[in-house]
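Read from first to last, the chains carry the letters A, B, C and D; within each, the first residue is number 1.
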Amino acid sequence: MIRVGIIGYGYWGPGIARNFHGLPGCELSMICDKSPESLRRAKQAHPAVTVTCDANEVLTSPNIDAVAVITPVWTHFELAKTALQNGKHVLVEKPFTSTVAQAEELIELAAQKHLMIMVDHTFLFTGAVKKIRQLIEADALGKLYYYDSTRVNLGLFQHDVNVLWDLAPHDLSIMDHLISAKPDVVIATGQSHLNCHEDVAYLTIYFGNSVIAHINVNWLSPVKVRTTLLGGEKKMLVWNDLEADEKVKVYDKGVDIKGGENVYDLLVSYRSGDMWAPKIEQAEALRVEARYFIDCIEKQETPFNDGAAGLRVVKLLEAAERSLKERGKAISV
Amino acid sequence: MIRVGIIGYGYWGPGIARNFHGLPGCELSMICDKSPESLRRAKQAHPAVTVTCDANEVLTSPNIDAVAVITPVWTHFELAKTALQNGKHVLVEKPFTSTVAQAEELIELAAQKHLMIMVDHTFLFTGAVKKIRQLIEADALGKLYYYDSTRVNLGLFQHDVNVLWDLAPHDLSIMDHLISAKPDVVIATGQSHLNCHEDVAYLTIYFGNSVIAHINVNWLSPVKVRTTLLGGEKKMLVWNDLEADEKVKVYDKGVDIKGGENVYDLLVSYRSGDMWAPKIEQAEALRVEARYFIDCIEKQETPFNDGAAGLRVVKLLEAAERSLKERGKAISV
Amino acid sequence: MIRVGIIGYGYWGPGIARNFHGLPGCELSMICDKSPESLRRAKQAHPAVTVTCDANEVLTSPNIDAVAVITPVWTHFELAKTALQNGKHVLVEKPFTSTVAQAEELIELAAQKHLMIMVDHTFLFTGAVKKIRQLIEADALGKLYYYDSTRVNLGLFQHDVNVLWDLAPHDLSIMDHLISAKPDVVIATGQSHLNCHEDVAYLTIYFGNSVIAHINVNWLSPVKVRTTLLGGEKKMLVWNDLEADEKVKVYDKGVDIKGGENVYDLLVSYRSGDMWAPKIEQAEALRVEARYFIDCIEKQETPFNDGAAGLRVVKLLEAAERSLKERGKAISV
Amino acid sequence: MIRVGIIGYGYWGPGIARNFHGLPGCELSMICDKSPESLRRAKQAHPAVTVTCDANEVLTSPNIDAVAVITPVWTHFELAKTALQNGKHVLVEKPFTSTVAQAEELIELAAQKHLMIMVDHTFLFTGAVKKIRQLIEADALGKLYYYDSTRVNLGLFQHDVNVLWDLAPHDLSIMDHLISAKPDVVIATGQSHLNCHEDVAYLTIYFGNSVIAHINVNWLSPVKVRTTLLGGEKKMLVWNDLEADEKVKVYDKGVDIKGGENVYDLLVSYRSGDMWAPKIEQAEALRVEARYFIDCIEKQETPFNDGAAGLRVVKLLEAAERSLKERGKAISV
């Protein structure tokens, strides 16, 4: 029985709590939040769980084996570090940390203590991403050409981070999960309109082998868009996460090109065939992830969304942030 | 009666010919193309019009007042220059020229000769763009925040240019028409996958007053997208050119922000109200533009899509091309 | 403080319980279901509420003021009758009863006992239906021409009723709420394919003043559709309940007709103007209805969705059922 | 060389003319229309073709082998009859004739004269219908459950017929082409709002083997809908003719039902699998049909869309019209 404590019961915490609650092999033991109103909601939803406004109660309790850190990003490092120092496994909300240095320190600490770090890259547990990864692993798309994601909506404005740190971690963690090539250079542009934090941002990531990724994040869009295009040599794919039923569509479309002696002899032919929307697993991603967290602890296995995965995302965010501040300067990673 | 000759009867030329044909005050006199097959099609569609494979026949004919240059971009300069030297007004397919220097030389030549240059920025004559411009001029959107366009589809690959020069002129000319601020810096990223020409490209354009524009062009997308988001302080707008009926949607959505003493006191409130899709004029854009071309010649007026407008677009393209070749280096314009 | 007991904790009961729970002025006192598994779920969600498998405990408890009957339709009459006889107000799941005679008996009994009947026509409490009713009351649509609803999806098959009794009550109650004219004749067609219950059905309802309503319900559709068209003399409206944001669209479209001396002189002109999607209230319909139920009891007011409203729907269902069994025979109502 | 004359150059005639023009083995010889304006348009589009306002010129010309009758339905019989009497094959615009008796007389006359009748059921030549028919012939859908079509838009109002005769022939001819079972009973409801012609109508057609068809046609809809659902035991299909690329979607969805001893033991399980959008042939339907018309004449073959097919549609229209006038009375066919 893994006893779990949760620190942070704001926007995302209740979902975490609901999914750990009643999970076989797991006991939701304690919930912590600084806000009395949040604690009241926690108590109402989970009458049997101890609530507290003092994070140290969770971090030092001998009755807790693992701590979920579901707080603003600038607090992740201190909370996760203390949890690890007190011998607790940690699940950390994305993005893992504010800096690469912090992430590296936590990874090292966990290694020393033989503890597990999992970073909450929830999207990796959705049926859509799992299906796309299967398709890529089965080489259904062929050599990958590009990854292009648009993630825009109105709000949610964060006080402590810009739109890059708020929305791009989703895309970066998915990209990291799907693309085996290594990122090479990051270029980010964007603008702030309402305060000092950028509310629109555009990222390009060059990879070593002519794969290119592009991410468009925006807090000021009147319409919500969650669409990712993946182009490959054999097939192309559109993932629209707002579709109820057909989230992933695989197109038997592409280009065949036959070079002649010079560029003007190019013979380009378009291929346009069937479209296919595979059935997507419907299970709640957060429930699957909670199950995986408990299982990895019990079996002493390293999760694929471990600290190293979190670090790779933070590296890209840090590079993107630097690029953004210098109006698109190319930053190597 | 303005007598018009057309050079180039490939993909776009037939539309030009059809729209000049039968236009009151205009006579479609000659069509030129190097390809016998294209000339055969021209003859079938316009039995009464002289066809020729020799551009000089059009350029030097005493019976022609204006020449439409509807050929690959690398030929625009020579053809337009000769036409102007022979005293003919010119309508030049977008993009105007291959270089800024060429555009400037043509503009100067036309001024000396008291001839008119019009650049075929067809989208400026669509009901959608006209309506958006009206809304901006009436300050319906308020202070502009961003312009974000996605223009992707499968093909059409060009032998002589990359996706930037093929698709982005549409967005750049529309942006130039709608945004009164001046572009400041251009950053372009992209990648080629099939030959030496980039088939995906992403542009960011910084303007002086915190307006930011972003353009996503892609020849390798399995789905066709033609969507532009415009965010403003008062209202936000989505233009989906693929919608049959409701191309432009205006959202009474936005953010109100009240700053406190420090950044953590920010009070952000979202505004979410009605959506409104104004009726869009249905007339064929190319017909409206053809009419405007003839009228401007007759009235000796300078069109808004004149050589200077064409030059502004070429300047941005040239800067974007430089940026693209240097992996996103910021280029001032 | 109104003390509420719920009978039936299957598909719809949990939503009812959740919305009465914690409602000011209301106490959720007891939940009854015959299934031990349902009671286990009830207990988990509402630890403080008494659960029982014996409906009579709820129906006769002196500590209960109102009973929500959320059971299969063939049980409504007996349960509601006993509740009323025991002096309790009732909220009855739609459709109200299996027969017109039952509905009339319950209405009379409630009148004698000075008790309230509310029928759970939940859709009447949605933002969309409220907005449409406002538009009609403000005469925004003009004289109504037709009401045409499509409500199709895969499943949910019911053992005890056909698709007509399962899905059409939604449309009939909405239609009853929106259209002031009285229904005149009902014609229903349909077919069963898997067992004796019809799984597709089509209803036409003629009204006195040339309004016509049509309802298409289907349990065997691969795609889910929830779309209602309302045509009026001035404006037309589309309500797509599956749209996240723009559920109701009002079109300034229509037909102007000028009659000449004979039918061949008709001068028809189409009007096509702006489209407008008014902001729709987002509150959960069931919560609003629960609030209204408690308020009506406290203020001793008659709800608009009272037994008489439930009876009108059952009359139409009974007529439609007769018509369906006789392959579309016109049945007067 | 088959020499074709066209009578009627209004809405549909120009498309017919354009597709016969230049078709190998065919010569477009004459175009007739009563309207001088229509003849002017015909002359402009086809300078080499003789135009006339006198139908008899076409009907009696020794230089014409086949006549396309593209006129209002009430004129079809007389024109087609005269054409046949003069030894000419006929292509008749849908619906074939105004009455069953007329259709039967024309069929008999053609048989006597060894001439061909083709009825212009254009949709049967679209890539979408051809693909659906292939799927049905390959038993991909399994036993057919229902056919449900919605064909609504604003206008086009006809002076001489109601919405049933205007729009339903499309669906009836497609249904006739796809469903091998024989129609049994027709029930039609509807209403007129602007003049004496019904502008909305709803048809149900019962077939012998529990297949049911339903057709919703409406001239007063603010939105255009062209959607047909086909439900089968194995698979279900949605044909949305307004989709640019994925017109036909095949769903691996359905219901498996296992009956127990009584109805309450029914075990219903839903099947929900992949969706698949087969590539649809893009050729213009009217061009394919024109080709087929010429080929059938040359090879002396009977087309599948012959007079008998036209008659089957007229029989259903006549029955539906009778049913409509008697408010949904069931009419056997």
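The rule we apply is simple: contacts are C-beta pairs under 8 Å (C-beta built on N, C-alpha and C of every residue); 3 or more make two chains touch, one makes a residue touch a chain.
Note that the coordinates shown come from a computational prediction; the quantities given were computed from them, not determined experimentally.
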item: C-D compared against B-C, more contacting pairs; value: C-D
item: Label of the chain whose CA centroid is most distant from the centroid of chain B; value: C
item: Equivalent interface positions on chain B and chain D, same or different at half; value: same
item: Computed distance of Cα centres, chain D from chain C, in Å; value: 38
item: CA centroid of chain B to CA centroid of chain C, Å; value: 53
item: Chain D: positions in contact with at least two other chains; value: 223, 245, 272
item: Residues of chain A touching chain D in the complex; value: 245-246, 252, 272-279
item: Residue ranges of chain C in contact with chain A within the complex; value: 22, 47, 223-224, 242, 244-245
item: Of all residues in chain C, those that touch chain D in their complex; value: 145-146, 148, 150, 152, 154-155, 157, 159, 185, 187, 189-196, 199-200, 202, 204, 206, 210-212, 214, 216, 218-223, 229, 231, 236-238, 249, 251, 253-255, 257, 259, 263-264, 266, 268, 270, 272, 327-330
